[in-house]
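Note sheet for the following structure.
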Amino acid sequence: MIRFNSDYTEGAHPKILRRLIETNEAQTDGYGADEYCERARKLIRDACADPSVDVHFLAGGTQTNLTLITAALRPHQSVLSADSGHIFSHETGAIEAAGHKCETLPTESGKIRAADIAAKLESHRRDEAFEHSVQPKLIYLSQPTEYGTLYSLSELTQIRKICDQYGLILYVDGARLSYALTSSRNDIDLATLTRLADAFYIGGTKAGLLFGEALILRNPLLTPDFRYIQKQRGGLLAKGRLLGVQFEALFSDRLFFEIGAHANAAADRIRTRLKEMGVRFLVDSPTNQLFPIFPDRMIAELRKNFAVSYIQRVNETESCIRICTHGGTKNADADALLSAIETLL
Amino acid sequence: MIRFNSDYTEGAHPKILRRLIETNEAQTDGYGADEYCERARKLIRDACADPSVDVHFLAGGTQTNLTLITAALRPHQSVLSADSGHIFSHETGAIEAAGHKCETLPTESGKIRAADIAAKLESHRRDEAFEHSVQPKLIYLSQPTEYGTLYSLSELTQIRKICDQYGLILYVDGARLSYALTSSRNDIDLATLTRLADAFYIGGTKAGLLFGEALILRNPLLTPDFRYIQKQRGGLLAKGRLLGVQFEALFSDRLFFEIGAHANAAADRIRTRLKEMGVRFLVDSPTNQLFPIFPDRMIAELRKNFAVSYIQRVNETESCIRICTHGGTKNADADALLSAIETLL
Amino acid sequence: MIRFNSDYTEGAHPKILRRLIETNEAQTDGYGADEYCERARKLIRDACADPSVDVHFLAGGTQTNLTLITAALRPHQSVLSADSGHIFSHETGAIEAAGHKCETLPTESGKIRAADIAAKLESHRRDEAFEHSVQPKLIYLSQPTEYGTLYSLSELTQIRKICDQYGLILYVDGARLSYALTSSRNDIDLATLTRLADAFYIGGTKAGLLFGEALILRNPLLTPDFRYIQKQRGGLLAKGRLLGVQFEALFSDRLFFEIGAHANAAADRIRTRLKEMGVRFLVDSPTNQLFPIFPDRMIAELRKNFAVSYIQRVNETESCIRICTHGGTKNADADALLSAIETLL
Amino acid sequence: MIRFNSDYTEGAHPKILRRLIETNEAQTDGYGADEYCERARKLIRDACADPSVDVHFLAGGTQTNLTLITAALRPHQSVLSADSGHIFSHETGAIEAAGHKCETLPTESGKIRAADIAAKLESHRRDEAFEHSVQPKLIYLSQPTEYGTLYSLSELTQIRKICDQYGLILYVDGARLSYALTSSRNDIDLATLTRLADAFYIGGTKAGLLFGEALILRNPLLTPDFRYIQKQRGGLLAKGRLLGVQFEALFSDRLFFEIGAHANAAADRIRTRLKEMGVRFLVDSPTNQLFPIFPDRMIAELRKNFAVSYIQRVNETESCIRICTHGGTKNADADALLSAIETLL
């Protein structure tokens, strides 16, 4: 079985693993108060071009999302998200379990629009019984989105403007940020993202770490007492140095970008060949996730040797699947996949 | 200002108030452990034709909904509701604040359909990552709906069947149940509702009480320790006898039905005349809420002397408003409203 | 059965009931946006000698406590309370259900001490792993306490000072405030309490209303969006005018103080006679709750005709009970109780 | 700086690390549905001598505790714990944040007693207003305790008996279980613990893993839908295989016991020498945590070169510190610590 069903099918990038081995016997304090975490924070601040941001390390994405949102909102405040947003549909109601409603906005290929945020806020303000509905306060979006698409600088700038106008918090889920930053179609670099978002996280689990996410708090209103809440929600790792060691390695020698670029190149290779074969796509995604449409019978055959994710039915005889590449994807595996598809088509 | 903006603009029905006066100096135990509550429970059990149901009294509708749902669900379970459902849109995220996601189903005039529930459940079961989304467990619907429409016996029976098939809890919000039960188009009586629902509440606040709702638990799985949770959520009234006294009066001499019939007759009077004037309606509702469409300028004029609720814009020059009648609505007031409308049209 | 087991055994004071009758047919808006609530707020602001306080009306005490605390705290912050505090031991974990830990302080006759608050805060600050424990933020105390005792002006001023020093919120549960304000040993008037507390509530349920509490928010940091949270927790009454009507009557012609004085006089009458009979008390309480100690066999006999609360075992043969008076306590009933006790002793 | 301040100051045991390296490039499914996890579960079931237990892997202890307790309790139910219990005092109110009150029991050297549990339950049942306080439902204890002490088989059997009698869930926090199982004074083996507890966890973080805990659910009432809740609380690791790989190694060749025995031997070496020096201990703990008492000035000197935890003041001039050993503690480091102490005394 060759796996293209997610971007976390393997262990760590060899350079990450090497650093874990090298530092294994060093003794440190726990809970992120160690020198590796400190150096990793410094490297990340440098990459964000903002020495004032707060950087916290957590073990996984759901945990990061729920901890940030718990820390940011008062009880009556809600999150606005795409209905395809990860927190809305794939985290088992973690945000609601923390007491907050997730409200959805209409989307286009997984992206929300500034105008729809403004319309929602205007509607809430004009409502005669506004206190009988939740108060929209935090905008959640992913870069890239669940459909692998990218917000452009212009789109994100417009969303920032609406957030400023209505006093909203802009939070960006960057589980796959490495793939966004290294996409040929991207025009938002890390420094720009830092400037536009109030908070965001840099995904490590999907970018070559064993596990780990780095949460960046740029808005100082979000920082007080964050670690209390991180501990309360089970997100403060005892051997926190593991996250420091890994992120220090990830942000040394541009490894983070190297991993993203590798995955995108592999995805490009597959996308180009599929297009040559005449395959249609559900979404035109410029990052490491591809959403080709195939006949159902072919999908069943393909899945005997290749793990891919089933996404949705497209019509009576065809469905969309997802093919994911990652920092360790081998050309040989990609070619094996393409051969199998070509044969089955 | 004559008020048609809600069905709770006045105090209590005179017969309810009289009983509160008569019993005022009697001494009782607190928290619902008094003889008035006991007698009211007996009368309600009789009206439901089921001597085994559990009956609890609470002060208001939001509190009743959130307490029942809190008691019924485990943390990962969700509620399915119409997107116009009161808990989804008009209770400030009370269900989410209790930790549970409200998921919406497509609706027609405020009603959900058995087939859509089944489709949602099938979709959840077929999802390869089903544990990454919430587990639908409780069906919430209102009789009548927020749009004043009614589920037919056939529709509710189909929903019950789906609930049995998938192990779901059927909970009916009866804030305006008196208006449903006495509508000329209704074919679900109280005994039938009791048999079909796992739990429901009989609205008192909108049926002539100062305040108060009676929650009926028919499914014995919902009853253990309910009062602990009622107390925990602030829903156990110290002078609980107030609710007992009022519900005892409401279910004596068919007052509950008398009040509903009065309101429906007043609504019929208004509906008939408006139709004669050629007024269009957003929804064809057979209970005490009417949703006529008027030119915006006319609405502004009308609201100078009559309180009505603004519902939504219908087109560039017209909007829908809501006119509510209740157990104390006077013919003279209804006629004054109709005259004003006739003049303004 | 003559009842001395609580101060909410009867309906409303006649003057309160009369106003409910007089206003019953008036039409108003819902949810506290009516003229009665507005006038009641004005009267309460005058009584507090502070025109800037926010006043909200809620149906019951548990609901008031949980709503205020929910609105005031961030997720990692805790409440400090006496272990006899109502929220700690008699509200079924309502505060914990809202996500916050209640931490206890040592007490003397139900009162907490400024020095113990300071010690707790110092201990938290000095803890090397302070983020691994909750952050004390809100001081909860009752005036009078659960044991009927009173904080003196000097004691409450010291607590205020500690709150200022450590940035704490001081919240006073005034379920029985009418009995405190009219006790002969009280030296904290309503204006002084308003000045010292960040928030407190004036109990109506135990002071002659059918039901209802008035929450006073003096600290402006507590006021934003309070009504959203009140609605979310089920605490916004549809016919909110019922609370306005009652509180307007309660704060007219000093009725609030008249009711408290009546109850205290009745308690004084009972206390004096019991002392003359040589009865010992668990606590020396100067308000409407008395805690006499009697032989167990005598208590069993007494309870055949008089409802009193069992408090705790004192030694092998004796226990403490609680006798409560209220605004409607009749001298004849008090004398009947005293005769019965005298006979049984 | 040589560290004795916790048992998680280093990375992984070499054998654990080696397996992570060997398996790094294998491709697997995510979220624990991989062959490593499956084999680890099998090994753990064998070690527990119960093929029917459910085994789940989580990243850390707080997360494990809060997820199990969230899954096990209804909203009004509480946890009984020692006041020194980790969930009560060192997890930032994680249990309360999940809505449940932690109630404390009196303790002796960190251990709770069956008789005190029974007394608490009897008191709750006899309370006339029992629904106004939380319902004790889950017993939380640690083996070994926070003070390194051990429950004997007789003590734990008595607690089990009380749990059966009152319908309580017995949950054992085994963060340091490896040190308990290999203590010379232990008489509860893994099979016995499995039989007595409804659920417990086997700590990996403090037993040589990079991170990870294995939660054992023996009572089948605790198992339905557990993974939904694990995901919801952020406790389902994407690369779940990391936990499987590590636990498979830990339960191969008795490594788990080897690590515990090594730490205990190191602690014995230190304890014996300290006793020979005449040092007093706060608690007589037979596992890897030692609680010696030293003059304050000496502690300050010692901490310049050795990291130890400050526990509490003992008298005006002396305090208790904690010395922790672990699976990687070197004799040379222990001897250096002992020399330093001897010199400073």
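Think of it as A, B, C and D in the order they're written, each chain with its own count starting at 1.
Note that a residue touches a chain if its C-beta (ideal position, glycine included) is under 8 Å from a C-beta of that chain, and two chains touch if they have at least 3 such contacts.
Since the structure is predicted, the reported quantities are computational estimates derived from the model, not experimental observations.
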| said: Looking only at C-beta pairs that count as contacts, which pair of chains has more of them, A-C or C-D? | reply: C-D
| said: Report the chain whose CA-based centre is farthest from the CA-based centre of subunit D. | reply: B
| message | Can you work out the whole-Å distance between the CA centroids of subunit A and subunit C? | response | 50
| task | Please report how many Å separate the Cα centroid of subunit C from that of subunit D, as a whole number. | result | 42
| field | Two or more partner chains touched - positions in subunit D | value | 75-76, 91-93, 97, 99, 131-132, 134, 228-229, 231-232, 236
| query | Mind pulling up the subunit B residues that touch subunit C in the complex? | reply | 1-3, 5-6, 8-12, 14, 17, 20-21, 23-30, 59-64, 66-67, 91-94, 97, 205-206, 210-211, 228-229, 231-239, 241-242, 307, 328
| request: Report the residues of subunit B in contact with subunit D in the complex, numbered from low to high. | output: 70-71, 74-76, 99, 131-132, 134-135, 225, 227-229, 231-232, 236
| message | With touch defined as at the start, can you tell me which subunit C residues reach subunit D in the complex? | response | 75-76, 78, 89-93, 96-102, 128-129, 131-134, 309-310
